Structure formats: C-alpha cells, structure tokens
C-alpha cells in the first residue's frame, strides 16, 4: 500500500519535473526541475531496495553533475530565458513517444516474455551495499576498472578542452586586438 | 509498520525541528556573545538579562519586515531557495543518532529518526543537496554579487565533497559499515577512530568548515567582498531561513564529527550522552573560535588547498589504510 | 620630564621586526607553508583570542550608564563665559568670531547701549553648519566664547542652533564660583601622563 | 596655537590688505647658475625649440611649443632621466589673453632635480596626450578635461573623472561660481526626481548663519528640541534629555540620565 | 494494489519519451544536455526495477556504469561546449552548420 | 525641510494609541536596529568606532549589515556629494520597510562647511531623514544616543505607520 502510494506520488513528481525541464524557456527552471527530478528518481531506487544506488544517484547527479551544469549555465550566460525556434510540436511529441515505446519494447520484451534466471542472485542477509560491493569487485572488476579509466580520460579531456586559451580575455584587450581576432576568425570561416 | 513506530517517528521529527530551529536562534546569540568576549566587547546586553532576549527581538523584527521580491528575479526559484537550505539541513538530521537510546515510561526511544544502513552516505548526500540553496538563490537573484556567490558555492561544494568523502572513506573501511550506529558500536570495542585515523579526522574537520561555509572558508557570503552573497536580495524571514539553515548545518556537522571519530555517545550511559553533547559543544564553539581568530582565504587558495593538498593527503590516507588492513 | 629625557628605547618592549624575503619559487613557498604550520602561527591566533576571553578584560564603556570623561580640549557645543570679577558678560561684540568662521555659521547683532558699550542683542550659532573647528574660540580676544563638552544632541530638525542665553554661563553657577574655565588648545587631559609611551628614537 | 608674532608696531601697519595687491614674483635666476640644469637645457635646445627657461625655487621652468610636448617629455624621460611625472594640470588665463597654461612637473630620481615644462594653448585647443609615456597622466589628463575642459588627443578614455559624466561646466575655470551654477544647484533633484520636482523640493539652502527660531521644520533650538511641525511659542520649557521613556521599557535594561556616571579612568 | 515490473517499465518509457521530446525540441546545447540526462535516468529506473524484480544485481551494475558514463560525458561535453562558446560566442545548435569547426 | 510640500512626518509629536500588538512589534523592532554600512567620509570612522570594541553597538542589538535588504536604518555618515546622491536614493529604495535614516554630522545634515557646487546641501533633499546628529564628527556616544532616540521614536509610533512607505514626493 505504502509502496503503491509512494510509487504513484514519485512517478507523478518525476514526470512533472522532467516535463518542466524539456518544455520551459527559463533555463533556471530547467536546471532546478532537473535537479529535483534526479532526487525523486533516487526515491525509486530506495523503494526498489537499491539503497547504495540511490545514495550514489543523489551524490553524483545532484551533488556534482547538476552543480557542474550550473557552472556551465553561468559560463554560457544562459541563466535567463533562452530563445529557441521550434518546429512542429506535435510531430516532435509523436515521434518521441513512438521511438521511446519502440526502444523499450525491443529491449524489454524478451525479458518479460521469457522467464529469465538471475546471474547474480541477491543473497539473503547481506545488505544492498555489501552485495553491490561483492559483485562489483568480483564479476564486474574489469568493467569497473574500465569505467574508472574512462572517467580519468574524461577528466583529462575536460581540463584540456576547457583550459585551452584561458589567458585570452576579450575584456582586457583594446579595440584593435579584438578586431584582429575577429578578422582572423572571419577569414577562417570564409576561406 | 505499526502505529507506535509512526507516532514515535513523527514526535522525533517534530522535536528535532523545534529544538534545532530554537538552537539556531540561540546559536546566533552565542556567536555574538563569544565573538564579543574574544574582541573585549560585551555583546548584546540591553535586551533582557545579559541580552538573552536579543534573539526574540531579532525574530520579531525579521517576521514583521517587508518582504521584497525584486522585479527581475526568477520568482518561484527565488522563493524556494531558502526553503531548500533549511530543509536539507534538517533532512540531514534524519540519520544522525543524537543521543543513546533511553527508556521513557517503559518504552525504548531511539533518538534517531531512521537508522538506515547507509547513514554516512545519506548525510553527505543531503548536505550535497544543500548546495542548491545558495546556488539557486544566487542564480535567481538577478544580482552580480549573488551570481558570484553562487559560482563560489558550486565550486566549493563540488571540491570539498570529494575531500569529505575520501576522508570518511578510511574510517568506513575500518568499520565496514555506513551506519552511524555501527560507527558508535565499533568505537566502544576498538577505541576512538581518531587515534588510528588522525589525518582523516583533520581532513574531515577542515572540509566541514568548507561545507558549512564558516570563517576560514567564508567565501560564499562574504560581507567585505560580495555584499551578502546569495542572500543579498533576500529580506525578512526568507533571509532568516538561510540563517537557520546555516546554523542547523553547523550543529549537525558538530554532531557528525564526534560520532564518526570521537567515540560518539560511547556505550549509551548518561555519561556518554553528556560526553557527546560536550563534544558537540566543543566543535560548535570551534566554529565561532576560528571566526574570531582567523582570516578568510582567497577563493583560489581554497581551491588550491582542496585539490593540491587535502585531496592527495586523503587518497594517501585511504591507500595506507587499505594496506594496513590487508596485511 | 626627567624620565622623558633619560629614555632608552633599547628595552621597554620595542623590537625591530625582521621582514623576511618573500619566496618566489614553488619549493620555497612550500617550505614556508611547512614552516608556518609547524611554528603554529594559526594556533597562536586561536590562543590570543582565547586568552582575551578567559581574562575577560572587557574594554567596552557601557555608554548610557558610564560615560567617558570629556577632555578639556574637546570641542563640542560652544559656551559663553562671564567675568569672574563682576559676573558681567565677557563678550564685547567685536565680531571677530563671525568674521573668522570658516563655515559662516555665527550670526551676531550688536548695539551701543546707554553706557556707550557694545552690547550683544542677538547671537546664534547654527550647529547644522558648524564644524567645531575652534577658530572662534581661538580668535576671541576676551576668551568669551569657548567650547564645552556637551555631546548628546539629536533632533528631528536638520539644523540645531544655540542662542546667547543658552550658551551663557547661568548667573547662579557664577555666584557659586563654578564656572569652568576652558583650558585652551594644547591643554592636556588629566590622564595624559599615564598615556605617554616612549617613541623609539630610531622611529 | 598659532605662532606668536611680535605686535609692537601693529598699529603702524595697515591691517587691511590692498584690494589690487599683486603678490611679488618669486625671483628668477639664470639657468647657468645650476650646472645640471644648464646641461639639461643645452641638451633640450639641440632638439627642440625652447622659448624661455629660468630657475625658480631651485626648479627649472622651461617654456616650449605646444606641439613639442610629447617629444620633449619622451626626451626628458629617456635621455635626461626625468622618469617621473609627478603632476600636470592647467592654469586658467582666459580673462587675460584667452589662453590656458599647461604645466608638467617632472622629477629625476637620479639627479634629484625637479623640472617644469610649460606651454600656452588657446581656448578650445587640445593638447597631445602623454598617457603612453607616463601612465599617471591618464588620470591627470582626465582631471584636466574634467576641471578645465581641455581635451587631450590620443587619450584612451577621455571622460570626466571626478564629476559625474552628465555634468555641465568646468568647475576650476575662474568664471565658474563656487556655489555652482543653475545646473549644479538642481543636479541631484533633476537626476533623481526629474525637473518637475523642483517646485516640491525647493532650492538649496545656502544662507548658512540665518536662524529662524519659530521654524520647527528646519531648526531645533539646542536643549529645547520639539518634534517636527510643532508650533513654537518662544517660551518652551527646556527639554529634559533622557534615554528612554518614563519608567523604562519592558524587558530592556533601564537607563536614566541621572543614574549615569562618568567613569574615572578612561584607560580602562 | 501491487506495483509490478510493468509499472516501472511504463514509467521508464514515459520518462524516456520526455527525454526524447527534449532532445528533438531543444536548440540550446546546454538544455540538450539536460534532455540526455533525462534519457539516462529513465534507463536507470528500468535497470533498477528489472534488477529488483528478477533478484539479479546486473541491472544495478549497469545503472552504476550508466552514471559513470553520464559523468564522463558531462566532463567532455562541457569542455567541448566551452571551446565552442569561446570560438562562436553562442551555444545554439543552429549555429553548428560549419564542418570546419 | 521647510520647502517640502508633502509632510512625511505627520502627527509627529501627537500622542497615538498603541495596541499591545503594536507594542510587541515595536519592542522587537526598536531593539534590533540593524544598520547599513554606509560610511561616506570622516563620520564613517566614528561610525566604525561605535561598532567596535570600545563603544560596542552590539549591546543595543545593532549590527552592521552589508546588504540594504536586511538593514533597518541607514546611517548617512559623511559628505554626500552630488555624484553620489543618485546612489543614496537607490540604496534607500532598496531597503525594506520599516526603514529609518539617521543623518550623522554636519555635512550630511546641511552640507556643513562644503558650501560648494559639488555637495548636496543636506541629505534630506534626496531621502527623508528621521534623526539629525550635529557635530563634526559626532562622538560615537552621540551616535548611540541618536540610536536610543530613534528607539524611542519607533516605540512612539504605531507599528503599521512605519510600514507606510516614506516618500519625499
């Protein structure tokens, strides 16, 4: 009973938040709605008994990812309204729904129809965190290491990309230098 | 899920809300008094005996003050940001055991709202959400200084969460559990963790200053640089909510540090309970003490300290702990 | 004065501050951080404020209950003095104060009375403009206008003013021989001796 | 205290000053009396046209052509070690012959000499900016523009520096009244409330010593303060100063004027 | 009322559809990133539900890796965005018409 | 000042009937006057001194806030130049009701010795002022005396009255 109430409540909240995220024209609404949606998603994980996953969801997504997005918003100056020109709304909605249903059906149908058996069944008596740890460091050790390496590469790539030409600042240059840079840019585009 | 449990939980939640809201107010009084004494002043004296009713006067004034919502702000988010700060601060309290369990009228009371088995992760995660108060408040405020403060808040929280997590990781490895009750029980048998993990203790302590935004790292709402940071455009009780959130956060982190590192409430006697309160009081006092004594650091120094000093130390600490535990 | 002439700056708490070089390279900076951390300078700061709190040596003057003694040189609202001999007013209406006032806030009106002396009929000082520079007291040939120590003034109106009757020493104060004479510019306060600290000669 | 001057013959002298008194000029000396300056002047004369040069108060004053100023200062800085421009501004001679006199005060740290470059420009002319030689000239030239209206060519940011950007008039001109012209008198009212508010707010009050004891909107008699707008009769009771209402305030420490004591030791 | 796997799968589908709408609709690149995060989260909900109802931890493992991928995607993506923003002063999708970068 | 047609301090000295709510609210407001850090010139130094250890404004519950939104009283401490007049008005408008202004020192009261083109002749040309302190500069005690008079003034008015926006025009 509690589970059903919680499920429907959080389902409603999550859908509302994500809907706001994709439709609003205020960038700040999108950001905060997305963050709230992430937290509500973690509630599903708690309901499903995946405590550790829920905590990781909160810490990583809302704590780090959304904060980085907020940084990006401040950097790109999109904290206010964003102006976008949109095509036909109904085509977009229809296509998206169709595609989503297709994808889920393609992946979920085999599972629902056939009675799968668990590769790594949950052991009784051990908490979720212990089980996650056991599986992660035995069967999934290689993917785990690969994921760690991928994160490292991503970090290096992020630093290299973002740190490029950080010393170039338009506000500290005089008009001729800015003009020179503009000319350079235009030349590149035109040629 | 029987009714008694439900009622007990509700009572606990209400008690925590009331006690810590009041404590946040009293905390401001203590801060003003202690800072005054350290600066050879008297502090609030005129209102009530020894100025004790100053908090009440401030509260009445803040409640009856006009509440301005400027034209250019993003209204709903501007209004919700102080609530986020206060709410996350109190949500973090759910997994903190404030006192040992005691018996009232033959009914055993556990002074913890929910003993979830990922207690530390939960506290850290909720404190991470606490970032969104300053962040959204600052970004919605249509004010340069508030925006600067929001950027600083994002930078400080992202960076110091890493330090907090890595510093807490070594004790977690030793205890083998994420529940704060288990931490307490482990320390009854094996002595305080601070003796075996002094470095982690200091790192966690330093990071606590950054996460609560207190003085050595008081960059988020720095009076002499960025007017009042994210709170620049807030007036009246909305600003008061930010204030309550900040002080409640200080109290909760003052509870968490002794529970993780300094033995918590021990074996649950009355003495142990008072010892925990005493430790909490010391850590809270230390927040005020540093505010009187130390200058602020610059934002770049703060980042430098985090990524080049504290984080390598934390990683080294984790590695050493792992080796010691393995062999 | 004896003590003042025989001063020796070598002792008495003065010392030269040795300003060290600022490190430029990373290793030097690192060494400096290590040095400063283990010399525990941060903790000295903590100790200093703690010491003050424990000593509880409060320097606050709780103003409405206690007040500072006002020094004789303090220049607050003006006063008009009387002659000790005859209790007559000292002001002779020469108008020098009106002339010298740099913010032009003194206004006086005089007439020649029956004894063919100049008599002040109207004398007001606009304290809204007055900057309490003390030129009027300095220029007064009869030491008639001086400064007093009255500093608790506030009003709803933007310009305070004082008139002659308010400033003049009351006649009963005069009868009681209680008129306080202005000690003049350069006078020292009663506690000045304790305050004098030696200035190092090298300074 | 003011320094004491003997007053024996004070009545022999006229105590008023002559209205048309012209202060005597500081005596001028030949440049040749100082060999350092003489060498500098000789070097300067080889390249530039020097109109007049003399020494006053141990400083050399050189009059040059207005067009040469950039070259002269560059020469002084690079060749003659006058590396510091300590001050530059203008003098208003408009009433005399419709000119401004511009001066540049230079200091050589190695020679320990000060030198002043001067020239005249007509009203409305501009000077060459020396901002690229001395960074301090940036603000000085802006101040000169602000106060005299003399523009500097090639200056990177020729705006007012002290007064607001929308100010009219140049206050250091001798024709500018000290209390400001019509524009200055209404500046803040026009800017904040608009011109129509002039009638409401009224003109500035500058008659400084006048006191109206029956006007309780503006004037408060010391010791007889009344709330704003009260009718003054002229025989009020003296105001009893006190810190709080009679009987004090609920739950607030009681203060009365009589109970307050003057502490003995201010060094406490 | 019992909540079964199908409930979660339907929820996951709805969230995925919302994410897809966002991906198709958004022109601002930062908000486009938001939409992709929604896609990943929708998939995560599905994984966790399947993991729960089949008593298998593989779903949770996948969810972890998805979170890791999201984090690294964010790092690289924001880096690229910063480069693009510096060069063109805008992060509108419609401006990305040149192949030369 | 006399020239203002609109009198923003009506029924100034008249006795007003206060309800107990008014009294409680006024008690809170009068004992928690937070000041805006607004030192313009030399009087600012005295204002800082009255906040510091020797005179300790904190005894009255007065602390200095950097943001005008959280301040109750603006202490105009120093010479108000014409260039700055616009900003003092802006900051005053940003303060939340109830708000008060103390004009500290001769320069802020009337322009003082700066009887020139560049000084506003009294800051009440720009913002409505509740209390004037003469002096150049007033002692810290004078400022504290002024704050106590302001407390008296707050307690004498109805709580709702102060909520009415004070406007010059």
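Order as written gives the chain letters A, B, C, D, E and F; numbering starts at 1 within each chain.
The definition used in the following text is that a contact is a pair of C-beta atoms (placed from the backbone, for glycine too) under 8 Å apart; a residue touches a chain by one contact, two chains touch by 3 or more.
Not measured: the values here are computed from a predicted model.
A.B. asks: Spell out the chains that contact subunit B while also contacting subunit E.
C.D. replies: A chain counts here if it touches both subunit B and subunit E, which gives A.
A.B. asks: Touching both subunit B and subunit D: give me those chains, sorted by label.
C.D. replies: Intersection of subunit B and subunit D contact lists gives C, F.
A.B. asks: Which pairing of chains gives the most C-beta pairs in contact?
C.D. replies: A-E
A.B. asks: Of all the other chains, whose mean CA position lies farthest from subunit C?
C.D. replies: Of all the other chains, the one whose centre lies farthest from subunit C is E.
A.B. asks: Round to the nearest whole Å and give the separation of the Cα centres of subunit A and subunit C.
C.D. replies: Chain centres of subunit A and subunit C, defined by C-alpha means, are spaced 67 Å apart.
A.B. asks: Would you kindly tell me how far, in whole Å, the mean C-alpha position of subunit C lies from that of subunit B?
C.D. replies: Each chain reduced to its C-alpha mean, subunit B and subunit C end up 48 Å apart.
A.B. asks: Please compute the C-alpha centroid of subunit E, do the same for subunit F, then give the distance between them in whole Å.
C.D. replies: 55
A.B. asks: Using mean CA coordinates as chain centres, what's the gap between subunit D and subunit E in Å?
C.D. replies: Centre separation, subunit D to subunit E: 65 Å.
A.B. asks: When you check subunit C against every other chain, which residues touch at least two of them?
C.D. replies: Where subunit C meets two or more other chains at a single residue, that happens at 59-62, 64, 67-68, 103-104, 127, 129, 152-160.
A.B. asks: Which subunit B residues sit where two or more other chains touch them?
C.D. replies: Touching at least two other chains: 39-42, 45-47, 53.
A.B. asks: Quick one: which chain pairs are touching?
C.D. replies: Pairs flagged as touching, ordered by label: A-B, A-E, B-C, B-D, B-F, C-D, C-F, D-F.
A.B. asks: Across the complex, what residues on subunit A touch subunit E?
C.D. replies: 1, 3-4, 7, 11, 14-15, 18-19, 21-23, 27, 30-31, 34, 37-38, 41, 44-45, 48-50, 53, 56-57, 60-61, 64-65, 68-69, 71-73, 75-76, 78, 82, 84-86, 89, 92-93, 95-97, 99-101, 103-104, 108, 111-112, 116-122, 131-132, 135-136, 140, 143, 147-148, 150-151, 153-155, 157-162, 164-165, 168, 185, 188-189
A.B. asks: Of all residues in subunit F, which touch subunit C in the complex?
C.D. replies: 1, 9, 12, 53-56, 59, 103, 106, 109-113, 115, 122, 124, 129-136, 138-139, 141-142, 144-146, 148-149
A.B. asks: Which bits of subunit C are touching subunit B when the two form their complex?
C.D. replies: So the residues of subunit C touching subunit B come out as 42, 45-46, 48-50, 52-53, 56-60, 62.
A.B. asks: Quick check on the complex: what are the subunit F residues that touch subunit B?
C.D. replies: 24-25, 27-29, 31-32, 52-53, 56, 58-61, 63, 65-67, 69-70, 72, 94, 96-98, 159, 163
A.B. asks: Which of the residues in subunit C end up touching subunit F in this complex?
C.D. replies: Per the stated touch rule, the residues are 59-64, 67-68, 76, 102-104, 127-133, 151-160.
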